[in-house]
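If you scroll down you'll find the structure; I have some questions about it.
Chains: A, B and C, in written order; residue numbering restarts at 1 for each.
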Amino acid sequence: MSSWQIIQQSLPLFEKGFVLTLWLSLIGIIGSIIVGLICSLLKYFQVPVLGKIAAIYVEISRNTPLLVQLFFLYYAFPVFGFKLNAEMCGIVGLIFLGGSYMAEGFNGGFDGVSKTQVETGKAIGLSRLQLARYVVFPQGFTLSVPALAANMIFLIKETSIFTVIAIPELTNTALDLIGMYYRSNEYLFMLVVGYAIILIPLSIILTILEKRVRYGSFGN
Amino acid sequence: MAHSGINVLFEGRNLIRLFGGLWTTVEIAAVALVLGLILGVVLGVLRTFPSRLLRFVLRLYLEFFRIIPTVVLLFLFYYILPKQMGVNLPANQVATLVFALWTAAEMSDIVRGALISVPKHQRESGMAIGLSRWQLYRYVLIPQAVSLELPATINLVTRVIKTTSLLMLISVMDVINVGQQVVEANNQKYPTGVFWVYGIIFVMYFVIDYPLSWWAKRMDKKRLERANG
Amino acid sequence: MAKEIVKVEHLEKFYQKRHVLHDINFSVNEGEVVALLGPSGSGKSTLIRCLNGLEPYQQGEVTFNGEKIVPTEKNWQKIRQKIGMVFQSYDLFPNLTVLDNILLGPVKVQHQSKEAATASAEKLLDQVGLREYENAYPRQLSGGQKQRIAIVRALALNPELMLFDEVTASLDPEMVRGVLNIISNLAQDSNMTMIVVTHEMNFAQQIADRVLFLEDGKILEQTKGSQFFEQPQTDRAKAFLDSMDF
């Protein structure tokens, strides 16, 4: 069979994998942003106990690989009767990982708000909450956008690791097909194209965002 | 608790085997990092040169390694090197190569970013005392760039170490692969052993990565404080 | 007759479409001190930067020591060793100690022996009163101290010409005097040839043998130093001196 036929035949399968990769990424990213924002706010307002717990979570999550986190969820937890299907494991694992990255992204933005802005705010008598509401958050969110976008790209790429717990996303689809038909060139080509379709536009957007925010911050 | 799961670690040579696997992991990471960081500095310097063609080619290289997930890179090299290029390398060398090239790509961007953020006047002061381009990089720009980007470089190191967890995918006998074998071999006797085996691997990665990222964070914080006066 | 160190003929410079230097002609003789004066944006800094190749120019000739300069990066690199330049923002290399900042040029560019270069560097440091700081890093010094070191760094190459580009503009007023004294001493005692861009009119009057007055990228007048401040030839120069509260 010609390469072209191989590719054509595999197209429906790759389409399924492609959609699943997108879908899992989307849920993972949204979940990560929520978890990250919560952790970052706990840190910003120095909430007792919860702030500490969030900080510990961030360190554990950031300093261990997703693959090991997934193995834990998928193989170790069921021993104690806590069983999730593969896709749920993937989503939970991705959010566990992504939450800390997003938290760091938000922290970076809030820390990036210039000291003089904060002091000016204090000087006109804003309370801590008002300072956050009117000065730090609006500027901080803008500053954190490039980091958040970079994290999104990172998380989408990390979904390729889901293949180790046999979630039929893009990478898993390709590896399965290679295992069955030994046409590695064609299937790897499809795999690369699949990720390129998702990630090239995003990385172009990221470059633009980075420039915008950099020029924007010169305004002060 | 005769069969408490934790004992799986002390059964036979299990613990030694796990540390043996960890050694393979560390070895691959270390070699890849040394090669990748050196190549990355060279590429980063080249990316600040005026030649448009050179910059374009190196940018393409960076974007390719940045956009394709590392898992996919591993398989690309794993299948394509022997098939298309007739190069038959053992899996751990394929992995070392992939990680080194990936590290070099990321490092080149870090170095380039640092070099172009060295103030223009530094470059001119160097030129004013007659330094050649090579001397300018050697004595003025690279030393400043390196200290500027040390935190980013350390973070890259932690990323590479975490990424070594993918080694098992191309059947390198790394710590995770060994762990899987230990779990399978002892599953009957220690049903909860899986928790402890993956648990200790989890801890191993954390113990290696956490001090590094703590160090990088502390340096960043100090710099921020200094910048704010 | 005095030797001609620099000669500039019909120099033209553009930034894209903007014409920033128009038909610049002048020369500087050995031992002469020339002040480039003029309002902000008149092209003084651009001109002085053209003289050691930090800014490319589109037309015209620069002659250094009787030799026409073919403006390639390689040629400029050689010539820059003979032209010392000090900038407004001093720019010591933060990664090197004071002494290493000074030695970099003599040792790495001119291949002097480290011992000989160190000895002359220390002599220069003595002259500017900063010998005790030779092992300090730039961040440990005040602005005025950094600027004095930057002057020493340029002098260490034994230049035949010194270019000073607004060297006191970012210093605290009390630091300015020390730096200006060093430059005057250099003119009077060492008979150094120099071109000085400055906003310090008193200083310019004190040291300048000749003044080039620039506006909008043109040299409007070239006058003897003593005469320029008493009786400027052009109305523009008069207005400028009035505006400088001189």
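Convention: a residue touches a chain if its C-beta (ideal position, glycine included) is under 8 Å from a C-beta of that chain, and two chains touch if they have at least 3 such contacts.
Note that the structure is a prediction, hence the values are computed from the model and not measured.
Summarising the inter-chain layout, the chain whose CA centre lies farthest from the centre of chain B is C. Taking the mean of each chain's C-alpha atoms as its centre, the chain lying closest to the overall protein C-alpha centroid is B.
Chain A and chain B have Cα centroids separated by 19 Å.
One simple way to say how far apart two chains are is to compare their mean CA positions; for chain B and chain C this gives 47 Å.
Remark: chain A and chain C have CA centroids separated by 54 Å (rounded to whole angstrom). The touching residues of chain C, counted against chain B in their complex, run 52-54, 73, 76-78, 80-81, 83-85, 87, 89, 91-96, 104-105, 108-110, 150, 153-154, 157.
Remark: chain B residues 5, 63, 66-72, 75-76, 79-80, 83-84, 158, 162-166, 168-169, 176, 183, 191-192, 194-195, 198-199, 201-202, 205-206, 209-210, 213, 224, 228 touch chain A in the complex. Taken in their complex, chain B has these residues touching chain C: 119, 121-122, 124-133, 135, 139-140, 143-144, 147. Touching chain B in their complex are the following residues of chain A: 59-60, 62-69, 71-72, 75-76, 79-80, 111, 115, 157-158, 160-161, 163-164, 171, 174-175, 178, 184-185, 188, 191-192, 195-196, 199-200, 203.
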